[in-house]
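Pasting the structures in now, so scroll down.
First subunit A sits with subunit B, and in the next complex the same chain sits with subunit C.
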Partner chain A sequence: MARTRQSDARSRRIGLILFAACMVVAVPTLIVLFSIAGKSSSPWFGQYDPDTHHAYNFSLTDQDGKTVRLVDLRGDAVLLAFGFTRCPNICPTTLGNLAAVYRKLPPAAQERTKVVFISVDERDTPASMKEYVPFFNDRFIGLTGAPADIGTTARAYGAFFRKADAVGSDKDDYMIDHSTYAHLIDPEGNLRVLYRFEQLPETEKITDDVLRVLGTQAPGKQP
Partner chain B sequence: MRRVPLLLLACLLLSCRPMPEPAPDPGPLTGRQIYMARCIACHQVDGRGIPSICPPLLNSPQLSGPPEDLIRILLLGMKGRIVRDGTTFNGLMPAWRFDLSDGQLADVINDLYARWKPETPAVTEQTVRMIREETAGQKLFPTAKELRLSE
Partner chain C sequence: MNKFLFLLLLSPGLSLAEDLKIEDPWIRAVPPSSKATAAFMTLVNKTDKPVLVTSGTCPIAGEIRPMVTTKQADGVMGMAFVESFSVPAHGSRVLEPGGDHIMLMKLKEVPKAGAIVPLVLATESGGEKGHVRLDLPVR
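Then we have the complex of A and B:
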């Protein structure tokens, strides 16, 4: 009887020690997990690339006929999209959303942000870009280039484009199928965030991402 | 001793979250949802537009004019200079004929009417279909002058 009571007390002690040991492991683990979850309440909005990948240093022609290289934009955040000026709705919607992002930035951040639209259409020229780009914002940069340079640039950014069949007898009346991603490149020239077309209307969240790559957190936002 | 595993199990269960229920089918998008997804970058949630680029929807002559004009703008898009009450705007409106169905375009237009011209009779899917056929093959992004819109 006395042995049973002793054995019960020993079992209870072992149980308590096991329980305490579990708590010692579980409580800090839960604290760490909750703190990670807390931090992820303000994650990057787009698909963030934590690794350092230098964005391809294109060299193309802007709407004023000047050569623009990505490296010339070092020190600024760059929002980059591919498209063409005859695009019925994807490109105007993309640029409309990027213009809304730009308007939401404080003036100092606007000075350090460039929105770049690269045409994948060989019919586009600096002149057509000169007409098109100010429809959205006259500070945006519209780039064209030789088909080989455009092809290399698009491939380097993982962008796809393909000339669709001509409509009717006019061989110049055609659309271009193209991918619809937008990239955010940080001031060091690294690809940082990728946005799907469906994400672009969330301009407030993209503005926060731009401010983060610029190192100027949006007011009232947690790091 | 027997209670300890139960206690640990309870702790484990308390830290688990219930499985989320499958989201119900949201059904077709409403005119307002389409407006919010595709139009607010320029027209803004409240329709006030953007200075020098996109004129406000409030008191828009296109909302007071024939619905056919509005349908043409949504199908073909529009670009270039327009003047409203002495203020000039120079922007580009996307063409939605390839992306939105007749019913969706009618829903968007009726949402615009409900918000900014509530006394206007609703546009039907049939009217949109008629204008779609009429404008087939026309060039995209006409100017206000080419569309013969009233300023």
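Then we have the complex of A and C:
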């Protein structure tokens, strides 16, 4: 009787140890598996920021001379990129891709999406932006501002720029090296998704991200 | 006679233009205020020697130079002029948007989408100068 109770207790103890050992192995394995599954099924194409950071509220001038602040665009998704109008290769590629993203949005979503191009070139003016930005899409917004405001805005978005070599003999005809990321800001004004330059040609996937921040999921696509 | 002509046509080095084959060339349509644009293409070298593309001439541009795109890890991109694009022997080199390109500067006329623009590329191979004539669609 005493022996049976003892062996019962022992087998219970062995059972507990086995159970604990299983948990030690199984729990981390499951956590790892779930996190891998979670990562691969992330619906976002760009680099998604799950934390809520208000994007810097710039106040700059558009191509029609009107002041545009980011808070004025609340309720809309904002695609934002930095560049300059004399940029012959990078900026036309970026804006061409953003124009394709915009074209692929249904009309109702286009109404709620703003594409904003901020010049980091002190030579740019509302007039030069008006000749440049509408070429890609006449609803795009091209912003210029005082060098100090442009500098503060660029820094706030982690964008970098510097004057580079002159193109020819004219020293005022210089290029500007600059960051090539594009930001997607949600309708509440939070930085949500960051795209690398190489990702921008995948316009359909970016269109899906825009629809996702607008809360108007593309039909047949699960978040 | 026919056989002789055929062999002559096959003989290497007969035509400089055949040294460098150009695939899918095009010029980017840019806003009307632009002072520069870029030409893109794939350069294919069929020969045993590297071929250099050094410059070019084009009726709409005052100056034409090869340009490379530089990129840092933090996403900062820039551009730099180079003396030439070298296309390795039996190799190729892609000039594409956001990457290396033939820069057309001092535009006398801004190319419009749908137009065709002639371009002559200056080449060099083993010290010998040559050229390739192209007609590029604007898009």
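Things to note:
Everything below uses one rule, namely that the second predicted complex is superposed on the first by the 180 of 223 C-alpha atoms of A that agree within 3 Å, B and C clash if a C-alpha of one lies under 4 Å from a C-alpha of the other, contacts with A are read in each partner's own complex, and residues count from 1 in each chain.
Definition applied: a contact is a pair of C-beta atoms (placed from the backbone, for glycine too) under 8 Å apart; a residue touches a chain by one contact, two chains touch by 3 or more.
Please read these numbers as outputs of a predicted model, since none were measured by experiment.
In the superposition on chain A, A:12 makes contact with subunit B only, not with subunit C. Once the two complexes are laid over each other on the shared chain, residue contacts for A:100 go to subunit B alone; subunit C is not touched.
In the superposed model, A:179 makes contact with subunit C only, not with subunit B. In the superposition on chain A, contact is made by A:86 with both subunit B and subunit C. When the shared chain is aligned, subunit B and subunit C each come close enough to touch A:132. By the touch criterion defined above, A:203 reaches subunit B but does not reach subunit C.
Judged by the document's definition of touching, subunit A residues 86, 88-89, 92-93, 96, 132, 135, 167-168 lie at the interface with subunit B and also at the interface with subunit C.
Here subunit A touches subunit B in the complex through residues 8, 11-12, 14-16, 18-19, 22, 26, 30, 86, 88-89, 92-93, 96-97, 99-100, 103, 132, 134-136, 167-168, 200-201, 203, going by the rule given at the top.
Residues of subunit B touching subunit A in their complex: 1, 3-4, 7-8, 11, 15, 36-38, 40-42, 50, 53, 77, 79, 90-99, 137, 140. By the touch rule above, subunit A contacts subunit C in their complex via residues 85-86, 88-90, 92-93, 96, 128, 131-132, 135, 160-161, 164-165, 167-168, 173, 175-181, 196-198.
Of all residues in subunit C, only 28, 30-38, 63, 67, 69-71, 74-81, 97-98, 101, 103, 105-106 touch subunit A in the complex they form.
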